[in-house]
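Note that the chains take the letters A, B, C, D, E, F, G and H in the order they are written out, and that residue 1 is the start of every chain.
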Amino acid sequence: MPDARIVPTDRPPAEPARLVDDFTPALIDVGAHHLCPGCGEPVAMRLAMEALAELELVRRAIVVFGIGCYTAFSNNLDVEVLQALHGRAPSVATGVKRMRPDTTVLTIQGDGDMVSEGLQEVLHAAARGEAVTCVMLNNGVFGETGGHMTATTVIGQRTKNSIDGRDAEYHGYPILIGDLIARLQGAVYVARGSVHNAGAVARTQKMFKRAFEAQIAGAGFSFVEVLTMCPTGWFIPTPEGPDYMTQTLGEVHIMGELKVDGRIRTTEELHDDNVRKQREMEDALARGGIHP
Amino acid sequence: MSTVTVRGTVVIDVDACKGCRLCIDACPPQVLVMTGHEVNARGYRYPQLLAGCTGCKACSQICPDFVFQVYKYETPMEVPV
Amino acid sequence: MSGGAAVGVTISRAPAAQSGRKLMTGSEALARSMIAAGCRFFAGYPMTPFTEVLEHMARLLPASGGVCMNAESEIEAVGMAWGAAATGALAATGSTGQGLSLMQESLAEITLARLPLVVLNMARGQGDYFQATRGGGHGDYRHVVLAPKDAAEAVELVGLAFELTTRWRNPVVVMGDYYLAHTSRTVEIPPPRAPSVPAWALDGSSGGSGAAKLVSFLGSYKQRDDVGYNLADHYRACAAETKAMVAGVTPLAETHHVDDAEVIAVAFGTPARFVLAAVRELRAEGARVGLVRPITLFPFPSAALAAAASGAKVVAVYENNQGQMVDDVRLSLLGAVPVEFIGGLSLDDSGFGIGPELEVGEVRRRIEALLGRGTSGA
Amino acid sequence: MERELVMSGIGGQGVQLASSVLATAAFAEGLEVQLFGSYGGMMRGGATEAAVVFGTDAIEAPPTMSSAWSVILLHHEHSAHARACVRPGGIVMVNTSVVDVPVDTPGVTVVDVPATDIASEVGHPMAASLVMAGAYVAATSLVSLEALTAAVAATLPPYRAQHRELNERALAAGADAVGRDLVPAWPSEAPASGARA
Amino acid sequence: MSGGAAVGVTISRAPAAQSGRKLMTGSEALARSMIAAGCRFFAGYPMTPFTEVLEHMARLLPASGGVCMNAESEIEAVGMAWGAAATGALAATGSTGQGLSLMQESLAEITLARLPLVVLNMARGQGDYFQATRGGGHGDYRHVVLAPKDAAEAVELVGLAFELTTRWRNPVVVMGDYYLAHTSRTVEIPPPRAPSVPAWALDGSSGGSGAAKLVSFLGSYKQRDDVGYNLADHYRACAAETKAMVAGVTPLAETHHVDDAEVIAVAFGTPARFVLAAVRELRAEGARVGLVRPITLFPFPSAALAAAASGAKVVAVYENNQGQMVDDVRLSLLGAVPVEFIGGLSLDDSGFGIGPELEVGEVRRRIEALLGRGTSGA
Amino acid sequence: MPDARIVPTDRPPAEPARLVDDFTPALIDVGAHHLCPGCGEPVAMRLAMEALAELELVRRAIVVFGIGCYTAFSNNLDVEVLQALHGRAPSVATGVKRMRPDTTVLTIQGDGDMVSEGLQEVLHAAARGEAVTCVMLNNGVFGETGGHMTATTVIGQRTKNSIDGRDAEYHGYPILIGDLIARLQGAVYVARGSVHNAGAVARTQKMFKRAFEAQIAGAGFSFVEVLTMCPTGWFIPTPEGPDYMTQTLGEVHIMGELKVDGRIRTTEELHDDNVRKQREMEDALARGGIHP
Amino acid sequence: MERELVMSGIGGQGVQLASSVLATAAFAEGLEVQLFGSYGGMMRGGATEAAVVFGTDAIEAPPTMSSAWSVILLHHEHSAHARACVRPGGIVMVNTSVVDVPVDTPGVTVVDVPATDIASEVGHPMAASLVMAGAYVAATSLVSLEALTAAVAATLPPYRAQHRELNERALAAGADAVGRDLVPAWPSEAPASGARA
Amino acid sequence: MSTVTVRGTVVIDVDACKGCRLCIDACPPQVLVMTGHEVNARGYRYPQLLAGCTGCKACSQICPDFVFQVYKYETPMEVPV
């Protein structure tokens, strides 16, 4: 017997209403994909595609894919796609952009692809100031191979080949790639977003747009990192993904803009900002609430 | 019997859902609930809507499987709960 | 300009002219003939004797409206060339030994992506024959391999390489060595060609059409109702294309004095010129020796070799390595004629593969040794 | 018809430049040319050698050779290979200012040129190889002296243009130091310039 | 533990015991037998089906006093193994297809550095035969290549691999596939060996002695009066060592029913098990078919094959690729018996080389087709 | 006729005197090498070897060489040497150190080797906090191949494949590798020295010692960059090497310590310091001299 | 002597666990065992199949098979291959709670087990494969029921230990649902346990 | 005639020199001078010492070819110039 409280959701409403968000985001040909339940990568893909659409870049975009779970989208988009090898997308994007300077070129890579296998590719491309946008979906694991340690895995994080948690002594420290890129003169826009909740999604969407705008302006290299949930590679139930992420990866790879208009803010500075804001908030609450 | 303001609604592509529950936690007015025992064609439980949707897109923006279409009503409605 | 470039530091702007008969090093001839063939993108990382070509390209290509990238590594070089090739531009890259080894993953997979690419394999010696002809990377791909004997032939074969890579959408390797790069001679650069942009090339414009283009080594199947790539189909299609290419490319070889030869020498590239000189000396003295010089190393000119060797008593394979092409010679003859390896790596301390054993007299002695045996043994 | 030249010396004597000038001159006169230079690394005093082939038809000779029609010795060090190359009927030109080993291959014309001394007189010891080039052309008529002189300007990189006049003087001084046509490169019916182009 | 590991996420501490008869996956058997053979350093980067071995090593090796590095890339993995090997520790690395292609530069040069190293080539299908047996890198080096048919044989061959690499100071490749990694069976891990540290190994202590040790792919000549390396000598010495190794390593092959066989099938690794099943079925029905299974792919068991095939009408080569080992079969027989390729890459969408064509019935049909012909044709 | 002013220097002095510096530095077996006249690399090699000797690390050191002109020293030292491929020394050093934790392991690499070909090797090793010391001889060119552009070549610098000078638009910007390494948590000591004059040589010598001390203490990864003259690759007369260097490379890759005891100073900060000091000096001079 | 089993189902039915438990039990009883599991990616509802070979001697059969002595069908989807495998003289066990295709290979014993229903009764539908394993062992005496029960504990990873009791109940319920020794795996002289070890 | 204080001296391995002149510019008291026309066995001009060496090691530390041995006198000397 159907629950009486349930509102029917099998068809568009009869009342006058405006469609504000569609199933399959613009440019993703087919909604179905075989990524895991609760994966954050499709959400990030949606953002990248929507930003292209909003800036009207669809007919001049070329997306270069790395190899990771996100590769599932490489034959699934309604923009032109070039599939690169694991780690190599930034060089491939360079070749594309140099021959087609009028296109908007972006890469879709993972932390394993970009920060492990292909670290020097992205750094060299950034140093060269290639007018491309590199996108990194950071879940702190090689998701596709089954949840192994990458160069962004945070200390203590349990992975399939660091089963007692990443131990700094044995495995070293995670690389905050955005901080490295920000220091390169050829990089003009560097940001770290996340998809753990709707607010983060909205902020990340803006980052994509700014990055593409920087590219169109020909200013240089732009970079967007997006923290994405990987419940499978983290060995946790899907609904815990967002919280696990904010408490592990998100504590180290802190969300924010790391370089805008030549001004660099380090991840530590973002962290200190967050702490300060938090303290101000608490103080204000202690004083009896925030009065705008 | 009280009422709730309904500013929007969603269409749910039930069979596209993989049951991850991200939408449930993401919905600000908490008007999405998972089915109890019913599963979709792929064997997953899926979300259902209660009255009170605001059309905020939080569910559609976080759903990894693009299950939602979100509509905003031209005029909000008061619905009894 | 001339052999001066072989001497060391020569930094100068090139004169604008890019065609006509000129005296130049093999490396400059390679660069100019690539540009004439329509090459518009080049990327490389210095390594002797590939460096020399890179220098010329860095100087000449931008002036011809192309892009030459001084890539930060060989892997990045081939990646850049991959991207450029996907836009439909004629692209080339290359390296030497170590650098080509680093490119093997990309060279294997760009073949499955069905992209045209010319690869200059400027080797030190000839120890990279297996790598070039079998494909040193993983999987079943094959590249056409062309081995010029000098700068003049290199100019022709570069033209052929761009033709074949465009026609078959499969990388083509041009194999040279230190001698080729550094020897100056008179060459004629052909007039420039302006290749057309193929239909599969990416330029962004098919986005939003519902059928946006895809260039992928996983296949170009777009998802509709199904998810994932169809790898089995794609690999089958690639294997069929390879088969067609192998059947469609004419194997090339040059023969000298083979008709009545008792000993047939086989050699390719620069060493073949030393062998030819030795064969000529011996012929002048009445010895019945001949030479077959494979020009396409893959597909290997097996039929030409088998025909030339049909009356011979022994086939002598000279390579500047420890014996690699000798496998292809044996596979061509399948026991019909005995095959002897008379080569060996000739090295000096430069490591460039230009050692003292690669010498006409030495080659001659090795052939003579067989000549005696061939006569007595058969 | 092919005429080989092996030119041998040590770093700093200008062997590579002089061989380039000879090759450029021959090319300008319509001959086929092949030139391969080798040198032992960056160190001054290391071996340096050039193997040049001049031909009336497309050249088939390999880039390095063990037998040559002509040899120019700038220095005795590292010269064993070059000395062994010369064959009967050929010519060896010796920089007697420096070379202290005798050349006595039977059937070979030996021409002595105190090239380093002449070069120092002209202005720079590094021009010794060009002195030899001038002498070589005079002795063999392989190319015309005019073509040789013109080749200097064509061969020097722009940033060395200031040395042009000095180099041209070295060629002339070399040519004056030996007799003409001691061992002609080409049979008399094959003209030394122009017509082959 | 068992096949559960093949299913997906199994994270657990291994029991301490490392020897004795147990049920385990091939990947665990590889890991445990490497450790038993004395391997103390392992480095790798995930790629299916190599990943599975890496996981076991990451879990088991530190507990056995060794080091397992989760390297950031395959190139870094082989570099780390190189460094470890230079200290005299038994070291291993490996990968799958793409990853091994990336390692080719290092695999070529570590051979010239004369360091022992075991390389696991956990392939997808068998398309990497050329790469493994010819060396996909530059130059003239060769690696011994061992191809087990199952986990039990893998345990033995891993032991042999460490023995050979130590003895010849030359890398040895163990070739497996997805089936080997994922199939569980009963295996017996031999008791642990404790290898000794060789004299050339680096530990720092020879510094200041006037004869400090040097491990270099450019040779181990130290400068005294002369400057530079003596590359010509070093390469000559390496070529001689390779020759000695090729002569010194016993080629291994297993034969089944070859004595009176009209059709001899040749296959290696897992596919040989499918072929054996097909051969058995046919034999049971009275058909005169046999199987030769090369166990060492290099040196290739040419003599054993030639002997087995001497009375056959046709030799049928089955490989899970487009035809690579078939060259070695032809080179072994040199036309004495006709050679037919009956293989082909069998792929499903996983890309792991476990497609539907690799099936006993299908193999049987392909052999039967030749059987008819062989009988009529000969 | 010999110049009367010339002091004989063909034998040790007859008067009582102490040898304070020998021809061939300790641990370099043979003085002769085939590097070019005026090359700065032998000087840097000398410093590295002398620092090992002074810290009494000779019998426990393993030096891993990259490929560049400095490779000429790899078979010329009286410490143990392992020759690595171009760009790969940091991984090789890692393998050595992990198996021989009691040794002092250093790499000798060039800018081409480390910052071009092998950039990710050194960054990953630093992030892992490997207790090794990586040394980079920075001359802003691939010296050995004949003077080509590397990832550290400064803007405007003329190289054999950027013959009109490195152009930021076309070739991008140089990478200040020390700044990137300093940002990695596993790196504990990062410094940039130079050998353009005796003062710089002495400062650089101290950097080597501090780096080795950090390694011995097991604190983590240490890094020393040394600017070295390459007159051949710069196409200048040898005596101009030091000045050319200070005016080109040295203006961008500024000498100083970039990370000590967890404190990071960026190259910009070093630059600002220099400017400030210079200004103070000028002010002081303007005021009539410096009074200590 | 070799006995093959192909077990087929969809993701979530526990096929890989059940085949592991069977293999572990056989190993414990001294049999030779080979097990290869395949599954279609990460998605629930994808194909999953296990190929197991039990033998009295070292196993030579390939890891996947197209002909088997026994087949267990958990689900009809993706079951075509498994159904085609069974050969005359063999046994097919069908999860009648779910499977809606008839199995009618001639000469084959078909045993119906409402495994999913039984599993639900026992406590969890995912235990359906274990119910089948229990039934299979009862019907074939391939191994002893005791060995099978003991294998559950040995097979489950530590973090799943809490499910042990449930799983053991599933085995027992399966064994009770069918007759004993319907199609004995081994000739009667070959003992089902112990002696072979 | 004036004097100069000499605190040290050098031994110069003339034939090891490659004539780069780095030592000349590096010597603080400027007491090293290049030969005019004389060259060493390898053809390079090389440095010679004038009176006034301080034994500071600047030359030996910057010389790429390890040409110098540096001595410090136990007691400085005054030498006429």
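The criterion applied here is as follows: a residue touches a chain if its C-beta (ideal position, glycine included) is under 8 Å from a C-beta of that chain, and two chains touch if they have at least 3 such contacts.
Given the structure is predicted, the values throughout are model-derived calculations rather than measurements.
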### Task
Could you find the chain whose CA centre sits the greatest distance from that of chain E?
H
#### Entry: Selected pair, greater C-beta contact count between E-F and C-F
E-F
### Message
Using mean CA coordinates as chain centres, what's the gap between chain E and chain G in Å?
### Response
34
### Query
What whole-number Å value describes the gap between the mean CA coordinates of chain C and chain H?
55
### Query
How far is the middle of chain A from the middle of chain D, if each middle is the mean of its Cα atoms, in Å?
67
### Query
What whole-Å value do you get for the distance between chain B and chain F if each is reduced to the mean of its CA atoms?
62
### Task
Two or more other chains in contact with one residue: find those residues in chain B.
18, 44
### Task
Would you mind listing the residues of chain D that make contact with two or more other chains?
41, 43-44
### Task
At least two other chains touched by the same residue of chain C: list those residues.
8, 11, 72-73, 75, 98, 105, 109, 228-229, 350
### Query
Which residues of chain C touch chain F in their complex?
8-9, 11, 13, 45-48, 51, 54-55, 58-59, 62, 68, 70, 72-74, 98
## Note on the structure
The residues of chain E that touch chain G in their complex are 1-4, 6-8, 10-12, 22-23, 150, 152, 179, 182-186, 270, 273-274, 276-277, 350, 354, 358-361
## Note on the structure
In the complex, chain F touches chain H at residues 3, 5-7, 9-13, 15-25, 28, 31-33, 35-43, 46, 195, 197-198, 201-202, 229, 231, 238-239, 241-242
### Task
Using the touch definition up top, name the residues of chain H that touch chain F in the complex.
8-14, 16, 18-22, 24-26, 28, 44, 48-51, 53, 55-58, 60-75, 77, 81
### Task
Provide the residue numbers of chain E that touch chain C in the complex, in ascending order.
75, 97-102, 104-105, 108-109, 123, 127-128, 130-131, 134-140, 228-232, 235-236, 239, 242, 321-322, 324, 327, 330-331, 334-336, 345, 347-351, 355
